[in-house]
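Each structure below is given as structure tokens.
In what follows, chain A forms one complex with chain B and a second complex with chain C.
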Partner chain A sequence: MKELLNKLSLEFGPSGCEDRVREAIKEEIKDYIVGKESFVDPLGNYIIHIGGNGPKLMISAHMDEVGFMVKGITDEGLLKFGTVGGIDPICLGAKRVISESGVRGNIVMKPIHLLSPSERGQAPKIKNLSIDIGASTKKEAEELTFVGDYFTFDSDYVEYGEGFIKGKALDDRLGCAIMCQLIKDIYEGKIEPKYDTYFAFTTREEIGYSGAYGASMRIRPQYAIVIESKAVADIYGVDEDSEVARLGDGVIISFADRGAIYDHTFVKHIKAIADKNEIKNQTNRYISGGNDSMHIQKNAEGARVSTLSCASRYIHSQSDVIHEDDLFATYETVKEVLKNDRPN
Partner chain B sequence: MKKIKEILNALLSSNTPTGFEFYGNDTIKSLAEGIFDEIKTDSVGNFLLVKKSSKQNAKKLLIDAHYDTVGLMVTGVFKGGFLSVTQLGGLDTSVLPSTEVTVLGKENVYGIITSTPPHLKKGESKSPKMDELYVDTGYSKEKLSELVSIGDPIIYRNKVDYINGDYVTSAYLDDKACLCALIYAASQMDKDKMEFDLYLTASAQEETGKSAVARLTFDLEPDLAVVTDVNFARTEKDDSFDCIEAGKGASFDISAVTDRKITKNIMKYLTSEGVGYQCSCEPSRTSTNADYVSISGNGIPTVLISVPLKSMHTPSETVNLNDIKSLSDVLVKISYNDKILN
Partner chain C sequence: MIDLIKKLMLTPSVSGREEKIREVIKNEVLPYADEVYTDNMGNLIARKKGNGKKIMFCAHMDEIGFFVTGIGSNGNINVSPVGGINALSATFQDVISENGVCGILATNSSKELPKYEKLYIDIGAKTKKQAEKKVQIGDFFVCVPKFKKLLNQRYVGRPFDDRIGCAILCEAIKQVNSDNDLYFVFSVQEEVGSRGSKPATFAIAPDIGIALDVTATAEKDGDSSMDVKLGAGCTIKIKDPSVISSPELVKEMRKIAENEKIKYQNEILPFGGTDASVMQIAGKGARVSVISIPSSFIHTSCEMIDMGDVKEALKLTVALANKL
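So, the complex of A and B:
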């Protein structure tokens, strides 16, 4: 699963431009969904109906990542940009980026000696940053890119320390990788789902107006599990109350975040299954963030939703970090939930 | 350009944070082989590479580029595998969060500079202070303590990218872009045409402002010192004339520190030879080795030439390869004409 995460994380897929990620996923699972209904809906969601006996369950992960969109090109050949999704500008200075067509660039800012005294010490603002693609005129830049072009972080996949993984777009390619693995497991008979199971690889989560709306409207699930990554702050110097959760302490079984209060019965059911199977798990100790579950929960007839996530440091930067134990704990938890009857 | 890229790639793959230039000994030695008559190191980390002219009693030309790069240094090892750090040289902390680094411990240890998530930030967004940043290594404190000690240097993780053909991006182009030009220039110099003996220095500890090269110039007493360093290349529109242009060639820095007559002579000579260059002014000091070299020994006539560089002291310093070639062309020309001293 780590190899697949490596591969998927490198695919280019900012919100609204998920085609390459979707194609990579399709290729990955095509031999495992023979005879199953699968389709791409108008929002670009890739939905696979695996089936099974029981209530309808939608398992989802989003394919898109944060990125940049070119808003204009200056006479000096620099690209002015807006962010696709939420990116903290403090993580942008001097970072390398790459466009859909493979044009490389660096994010540049005013050198510190040219800053006015009032600008010094302030975090950079997006409007003061540009992408430099090595063009010295507008015309030269226009041969390489265009207004509306997308860029993402240009960052590789690294395993470091004791079980840590760094990459771009681990949010939420980790969810995509877990779902691909589950689809393979079901095909190979390792899991017999006790739910009528749908897998939805969704689009546009990072901008909030998510593809999951359309997907859940179409599937109309009774239950939903969103597989995600969750921003945490278990870094030295942060007090425990603000950490949210810790990398390496297992799957985060959330009871609530800023987007949804999760279905109490379903969450307790999942937690009991994780405990019974001795899967490392934790919950978030701070209410923050939100994801596709908020849309799925309130859409159509309404669904009993839960989110299972991997704790992530430095999320939405070139160095998104997770722990492999959490990746496997999240996978194991969803797997065991599928094998068990619905909650009473 | 192929040869320049080869030299540059070799220099960029040596780790030489300021004060730890000796980590690059082997690289310099292997690059210098076959080009120079003498290769020396000294007690403070400078390299001296000598190439003599065929001419007897030639005048001494010293050309300097510093070999050290900015970095960080470990000041503490903490639970969860986090290192506290201090800076080696001048860094803008606003480019550090989420940046990848290599800790040069007992073995090379990968790390990421921490970034506080938005939910913990209150009020106006400030650049972090150095003591608010840590390096995340992913090891337990016990394991990390075996690998890393207080005082170990840390460098940006090296990644070399070529952008739009001629631009190269790496963390260590200040001042290895110039050092590359020097070594390439020396390889191109014809001993029979050289009117100077060449003393090339790959010098130590420029980034901390200690300019170890001044020790060498003190000993050598060259007739002319040419200091080469990078200078800020313009990115966005700039009406202050504080920046030079990338891709427009090597740039002469005219300053109170540099020798006015010789700089003018060289520029006139290059123009007559059809060699292009640009120039910029540093009205006061230059914040380069030129400041120290010029006042070392009995005083040394010093010229400063720069290569334009974007995003200085960041993990993505960027230089145009044509500017490296341009500096090399200028240096070869200088070595062929000792009348520029008159």
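So, the complex of A and C:
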């Protein structure tokens, strides 16, 4: 699963431009969904109906990642840009970026000796940043890019320390990788789902518009599990009350975030299954963030939702960091939920 | 009806954890409805079948409160607010957990207006270990429910928002006699952004949607930009920041109120919102308005209502169900 995460995380896929991620996923699972209904809906969601006996369950993860969009090109050939999804500008100075067509660039900012005293020590503003692609005139730049072109972080996948993984777009390619693995497991007979199971690889989560909105309206599930990564701060200088959750402490079974209060019965059911199978799990100790579940919960006749996440440090930067134990704990938890009957 | 209101108010159930209040309401409406069911999100829906217009009445079951987010080494309990808690009112109040654990909501500084992040609950525990035996992350607390009679027909307590609407619907379902197809919806998660009424409306697809909820009053809440008085009758909502009521429906509601000699006020609320905003645009959309019960000091521990207004709201609800 780590090899697949490596591969998927390097694919280019900011919100609204998920084609390459989707193609990679299709290629990965094509031999495992023979005879199953699968389709790409108008919003670009890739939906696979695996089936199974029981209530309708939608398992989803989003394919898109945060990135940048070119908003203008200066006479000097620099690209002015906006962010696609939420990126803290403090992560941006001097970072490598790459465009959809493979043009490489660097985010430039004023050197420190030119900063006014009031600007020093402050986070940069996006409007004062630009992307340098090595062009020296507007015309040169226009040969390589255009207004509306996408960029993402240009970053490697690295395994380091004891079980740590660093990369871009681990949010939420880790969810995509886990779903691919589950689809393979079901094909190989390792899981016999006790739900009528749908997998939805969704688009546009990072901009809140959410392909999951359309996907859940179409699937109309009774139960839904969103597989995600969750921003945590288990780092030096943050008090224990605010760290949200910890890397390496297992799957986060959330009880609530800013977007959804998760179904109490379903959450307790999942936690009991994780405990019974001795899968390391934790809950969020701070209420923050939101994801596709906020739409899935309220759409159509409504659904009983849960989010299972891996803790991620430095999320939405070029260096998301997760722990492999959490990745496997999340995978194992969904797997065991699928094998068990629905909650009473 | 007073006993019913009291019973509903004394059953703590914050947004997303409406199990207990749902059971109470279900038992209340079961003998009077043709069918009663709970949907995926937890909305309780009681239907009285008919061949006329499909009308959805909606009052929310949830209340504001706190979720436990952690337990400090000193045994203090960290919390995050659920819904628009009035921190000024909640601080240094008695609170109680879903499992009956008592405590107080405290802040380290009593000299300034408390910030949410500074609030914690003290249950008297001396250590983290002791607190963990009583309280878990994800448990909810509420300010202790209260119900007291004051002078005239006025009552003070919490949470009138929106158990008073629930009580009116429970009572209305007993009294209606109508050809219309009536749905009485007791919705979930209104206080966190009217989440529950969306799937309920989608599934029912009503022609007309009427929410029952509390509204603020001018004289006591000190907002001169509105014109609603405690004790001057229920209100018919024209507008708030979340919804513009259907003008045809408002007109019909006024006509019926006048014919039935029901005391009502016209309401334009300069803040807040209700389930009506979602009922208007969910599914295929519906003509909506709100019957509001004037309440002073909303979202504090001493919400105040006038029972005269409640009676008018009930009469209007029944009249609309029968005559719309």
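We adopt the following convention: the second predicted complex is superposed on the first by the 344 of 344 C-alpha atoms of A that agree within 3 Å, B and C clash if a C-alpha of one lies under 4 Å from a C-alpha of the other, contacts with A are read in each partner's own complex, and residues count from 1 in each chain.
FYI, contacts are C-beta pairs under 8 Å (C-beta built on N, C-alpha and C of every residue); 3 or more make two chains touch, one makes a residue touch a chain.
In this text, all values refer to a predicted model and were calculated from it rather than measured experimentally.
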Inset, instruction - Could you check whether chain B and chain C clash or fit when both are placed on chain A? - result: fit
Legend entry - Partner chain in contact with A:Phe255 - chain B first, chain C second, else both or neither: second
Inset, instruction - Please indicate which partner A:Tyr286 is in contact with in the superposed arrangement: first for chain B, second for chain C, both, or neither. - result: both
Inset, instruction - Write the angle, vertex at the C-alpha centre of chain A, between the C-alpha centres of chain B and chain C, to the nearest 10 degrees. - result: 130
Inset, instruction - Once the structures are superposed on A, label A:Lys110 by its partner contacts, choosing first (chain B), second (chain C), both or neither. - result: first
Legend entry - Touch count on chain A, higher of chain B and chain C: B
Inset, instruction - Return first, second, both or neither, reflecting whether A:Gln222 touches chain B, chain C, both chains, or no partner chain. - result: second
Inset, instruction - May I ask you to decide whether A:Val238 touches chain B, chain C, both, or neither, giving the answer as first, second, both or neither? - result: first
Inset, instruction - Scan A:Met69 for contacts with chain B and chain C and give back first, second, both or neither. - result: neither
Legend entry - First, second, both or neither for A:His264, with chain B first and chain C second: second
Inset, instruction - Go through the superposed model and pick first if A:Asn299 touches only chain B, second if only chain C, both, or neither. - result: second
Legend entry - Where chain B and chain C come nearest after superposition, their Cα distance in Å: 11
Legend entry - chain B and chain C contact sites that coincide on chain A, given as residue numbers: 286
Inset, instruction - Report the residues of chain B in contact with chain A in the complex, numbered from low to high. - result: 78-82, 84, 90, 92, 94-95, 97-100, 110-112, 114-120, 124-128, 132, 134, 136-140, 143, 159, 161-167, 169, 232, 234-238, 240, 242-243, 245-247, 310-312, 314-316, 318, 320
Legend entry - Footprint of chain C on chain A - complex, ascending: 222, 240-241, 255-256, 260-264, 267, 283-287, 297-304
Legend entry - chain C residues within the chain A interface of the complex: 15-17, 19, 39-43, 67, 69-70, 72, 78, 80, 82, 137-138, 189, 192, 195-196, 198-200, 202-203
Legend entry - Residues of chain A that touch chain B when the two form their complex: 74-76, 78, 86, 88-91, 93-96, 103-114, 121-124, 130, 132-136, 140, 144, 154, 158, 160-164, 166, 231-238, 242, 244, 286, 288-289, 313-315, 317-319, 321
